[in-house]
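The same chain A turns up in both complexes below, where it pairs with chain B and then with chain C.
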Partner chain A sequence: MEIIFGILLLVALAYVATSATFLKLRRATVVGVLVSGGWLGVLAGLAIGPGGIGILSPELVINASPLLTVGLGWIGLMIGLQLRRDILKQLPSAMIRLSLIDALASIAIFGFAAALLLPYWFQHDSAIAMIAPVALLAAGAIGWTAETRSLRLADAQNSAETLTLRGAASLSTPVAVLVFSFGLAMVRGRDIESLTFSATAPVLRFVALILIAIVLGIISRFGLRRAQGNRSELLAIFLGVVAIITGAANELEMSPLLSAMLAGIVIANLAGKELRKFERFIIEAEHAVATLYWIVAGVLLDIRLGPLALVIAAAIILLRVVCKPTIVAMSRVSNSSEFSAKQLLHLTPIRQSPMAIMLGVALVIAIPSDLNHRLLAIVALTGITCDVIAVAARGLRKRPTAAEQPAAPTEEPAA
Partner chain B sequence: MIRILRLILALLVLLAVTLLVQRWSPTTGAPDAASTARDALDRTFTTLPESLTGATLSVGLLLLGSWLFGRIFKTLQLPKLSGYLIFGMIIGPQVLGVVPKDQIIHLKLVESLAISLIALTAGGEIELSFLRKAMRLILSVSIIQIIAVLVGVTVVVYALAPSIGLADAPETRIIAAIIAGTIATAASPAVFIAVMNELRAEGNSIQAALSVMISKDLALIVLFTVVIAVANGMLGGQNAPSGEGMAAASAQVADSDESNEAEPALTEQTEPAEGEATKPSGVVGTLSVHLLGSVLAGAIFGLGFAWYMHVVRAHLAIFVVAGCMSIALVSELLHLEALIVALVAGLLMRNVWRERVGPFFHTMEDLSLPVYCVFFAVAGAKLDLNALASLWPAALALVGVRAAAIWVSTDIACRLVKQGPPIRTWLWTAFVPQAGVSVALISIVQTTFAGKPFADPLYSLVLAAIGIHELIGPLLLKFGLQRLSAGEDSPEDASDEPPNQHVPS
Partner chain C sequence: MAETPETRPAEQPKQPGEDRVLLVVIASDPTAMDDLFTALLDIGITGATVVESKGMAAVLREEMPIFAGLVALLPSATGSRMLFSIATSEQAASVAEFIENEERSEARPIAVVLPVIRTVGLRR
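Our next item is the complex of A and B:
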């Protein structure tokens, strides 16, 4: 019977999510942020998962890992497709600088904090066992959400600051994937007693994946020309390429997100109008795939976090609230004194990148340990809390009255 | 020619990449079993078996490789479906072994999805108004064909029995022959739908073929259950399938090809209740409830899908996939026939909310090719080439007699209802292909009569015949469907016979 309840629940959720009342509710900042952050999907997953009515068990989801891996590949490919040379060349230096500074600072700050706190939580004194969790928490902290609309700072929506923040968020995603994937690949073995460390093996496998990505990029270009825009054939080629590249990553013990991202970069940089069609086709499904993975994340995460895990989550939240706006300020993205722009620069970086959840799901699918289920829960908890904090901070910071506004600069009298 | 060479080159590169990755993999040679490990929190967890992690690469190869192979076949004017099957056979465990047997088991999810997708498509192709008008044709073709195939194949298997190791007592031989005859009445809706989609064939003759196939499938479920129950009563089989158990097992493996997968469902579902299930009357009773339950579940699903299309109408790709998976899961859970559930859902949607559900069926069309590529490539990979190699003369005789019986019976049925060409001439080609339904049924027979001397030879013979059907069926079907479609497009070219008197045009 549970399965019927589950189906009814999903249909009811779909109905609620598309109803006129809900669309009105989405205008409220909190609901807007929850929806755009994917938290409703996570909650739906929690409801049908072992924490809720239990129609989907994590084991069932893990057994579907070949298909879930292909889905992760879809996400990786979408990231890679954005990295076209012609687009990258046109990016403003401020955006690249912000992204680089944030990535380096996040890896240092959050990686250090994770490395400092995780030993208190772990039952084993193993430095190698910390590499993957530290990589997840550090990579998950890189960047922020590229979605700025739901904060309802309408005045700032088309400003240079918004574009810079969104662009930097997009640039951070491949960095996060790279950091996470290398962290994961450095450790071999599953049992805590038999873990081994290798710094060179991931590099060699990375090179192998690049070569495979190039070959598959050429094959997909060949296939796309033959598909002649037929959607069904496009889907077959696309899924085939993604499955092979992610399957290769699985076999080489690398992250499927990374391998698919590499394939995406190759495909994006092989010119041709077929590829543009392909790109559009893939991006059309972006929202649907993301929703599916938010639900999967909800099923997979283990909410039974002990006090020590909660301390780690709290530390990450605190660091995010304090450090992220500071990093943005230090990067000197803007000198604007406009209220909305300043608020946007303060609040958006607090919100966690949705990629963090995907990284957590990728970790659980690769190694379905209790630890990783809980790490995913920590990532989800930090994400949702940071979103709520951003909304609350927006409400607290009242718009200055006209009298409080800084006086407009007056022209110097001519000498 | 250059086009074909390029496609072959792409295919070879793909195979080379896969083989190299498999060779470089650090997990190659590791024991393929889920084991337990401890994490940093000192908690035990189950690791993924190597075959599960390797299954993604296999899915990719099966998908992209069969797509390329299908293109080669298309260039050669052959059905793409045959390309998928043959590619699966080449890379499967019995030839190259690039996709090992243990990985194929993990692709069951794709099979469940495919069965629901195919049945929904079939249901969406049939109009109730057509069914009403063509009822006489559908019933006469179905009944006469079942009788002809059952009798023809039973006689040939009985005659061939000594040459295939079925040299038992006469009553055992006749029972084995009747079982083979019953299984021979099965067709393959999956192959039909895939070739139909490839040719974009539509019209009355397609609807007629689908309707006959569905009515035959319904009759087959009843017939098979009764035959097995009677045979079990006479021979004392190990697990007599009740109607419910048989359908649950067949639903689980319907149009799949994995013999071993039928076993758990069967043993789980088929505990006879103190002789109740072995009595034909008890079996038919259970079966009726079960079939009605499937129809009811199908109606509920159809209603739910239509409501979604009316109210929500968003994320259709995900909705279609989730819907098909739900049908498979619910059918398994409630021991229903997934094929019937999906079929009724499709039929209801098409006929009651035609305007609203159009995008639903379009989305299904978009999704169908990748699913078919993997589904049929997996079917090819599972093909029992050993059985085919050892029993091909007998299997060929069975296939020949079956095809002749289908041809003659369809012709007689069409003449009885005064149905002219092209339906009378070419409709029979739709019923020749056989695939997963037959495999599921013979797997049930093997499990039910495990230990009986006839079980294994019969299993091998039927599998060999299915292998031949899988190879020649799509070719014949494509040829026939092209003639059927051409005949419908230009009725004046048909022949001197009166065209479609009972099938509305």
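Our next item is the complex of A and C:
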């Protein structure tokens, strides 16, 4: 009974968070940042969780993990459906280059920092227990938010720089899912004391998942043709796809995010014109599903962070503020001297990707240890702090006056 | 000097087929518009302007992407269209009847009929 009440409460909160009032609120600068980062949802979850009035407990949420796994499957499918050949072919090389450089640099820098710092905080004998948390912090650091509107850099809103940043952020999401899922698949078991390690098994299981995804893609294509856009039939196909692929992932001990993403990629590239309705049907729920998981994250995170955990959070924030704009600058995505473009390129990459929180929830559901609950709190803390830094820096950096701006080159009069 | 009702020229009685209205149809399902085109021709409407469109919810969602930001970046056909046509009220009534009775409920477009005060440049 408690589980049903808890689920109803979460759904009701997600419904309120996607209401017209909230749609209006998120168009304001500060609230827009809070909503797009998911922080209002996380705070709502914190308020109803054990840290607040205690209506929902983390144990109750963990008990509802089969349902949450389906939700993660929904997110994975959404990510995978974007990776269509026709879309990927149109992407500019600068966008792909930026995404690749950022992914490699983030895995190296943040993965190394996490591997270095986490053992001091965890104080756990087994190095195996570190693998999934290191994977979370490395994968969570890949990319940045694809939402650029709330920084209110109107001049740059439709610029090439905005498109490159948003595209690279979107491309980073599947990479983050892949990195996290492989890290998680290397360890087997739910109890942190009895985890076992395997480096080769994830590769074999990954291949098995691809085969299942291909079969499922072919069946889905047939189903989508039969459905002819009927919403109830689309819902049946969607639930069937998610149930089969997340079930397979569960059997193979792989992340539902990865398995559903693979299914999404296959469906996106096999289905014909019927795909558009299916895609729209799934993407329409993007904000509601995200809000639901932000609230779940708020319930699951444990805010009892000691000084060492705060040091780790501060290190991640510092690395983001320093490294991310540097990575973008090194990728040479723009030579623009426009103030708005430069500010956008500097501030947007500081903001953490909303996917980081989803990966944190996926980790807690897979291995519900105390340390992982606190790790989720670190991810939330770094995310909200980076958003605040980006907004504050935008406010502090004043636009140069006309007198301060370099003079525009004038045409030489004809001789 | 302001024109008083007494000085306004008397309105000529309208001939059948002269009462023009603006027919606006918004369809999010491309197949619905396909059926509608056939119906319009059957009803006698041979001219209309069709515009590719996008719903407000889609625009709001796209400006704040969370997981699905890539699709929103590239120009693509939404499948959603708006149709404008100057028609007679009889023709508009037939179109409304077709939409109400013939179109599948899940694909049914939104139709609006507005009075037209004056038209310029309309070729018939």
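Throughout what follows, the second predicted complex is superposed on the first by the 375 of 415 C-alpha atoms of A that agree within 3 Å, B and C clash if a C-alpha of one lies under 4 Å from a C-alpha of the other, contacts with A are read in each partner's own complex, and residues count from 1 in each chain.
By definition in this document, a residue touches a chain if its C-beta (ideal position, glycine included) is under 8 Å from a C-beta of that chain, and two chains touch if they have at least 3 such contacts.
All values reported here derive from a predicted model rather than from experimental measurement.
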Message: Once chain A of both complexes is superposed, is A:Ala285 in touch with chain B (first), chain C (second), both, or neither?
response: first
Residues of chain A touched, compared between chain B and chain C (which is higher): B
Query: In the superposed arrangement, does A:Ala146 touch chain B (first), chain C (second), both or neither?
result: second
- prompt: Between chain B (first) and chain C (second), which, if any, makes contact with A:Ile87: first, second, both or neither?
  reply: second
Task: Based on the superposed arrangement, let me know which partner A:Leu171 touches: chain B (first), chain C (second), both, or neither?
output: second
- request: State whether A:Arg231 touches chain B only (first), chain C only (second), both chains, or neither.
  value: both
Query: Do chain B and chain C land on any of the same chain A residues, and which?
result: 231, 287
Field: Of chain A, residues touching chain C in the complex
entry: 23, 26, 32, 35-36, 38, 75, 78-79, 81-83, 87, 90-91, 146-147, 149-150, 163, 166-167, 169-171, 173, 229-231, 276-277, 279, 283-284, 286-287, 290, 354-355
Statement: Residue positions on chain B within touch of chain A in the complex are 6, 10, 13-14, 17-18, 21-22, 24-28, 37-43, 45-48, 52-61, 63-65, 67-68, 71, 106-107, 109-110, 304, 308, 311-315, 317-319, 322, 326, 329-330, 333, 365-370, 373
- request: Give every residue of chain A touching chain B within the complex, in rising order.
  value: 3-4, 7, 10-11, 14-15, 18, 59, 62-67, 69-70, 121-124, 126, 129-130, 133, 188, 190-193, 208, 212, 215-216, 219, 222-223, 226, 231-233, 235-237, 239-248, 250-253, 256, 285, 287-288, 291-292, 367-372, 374
- prompt: Which positions of chain C touch chain A when the two form their complex?
  reply: 29, 31, 57, 60-61, 63-71, 73-74, 79, 106-107
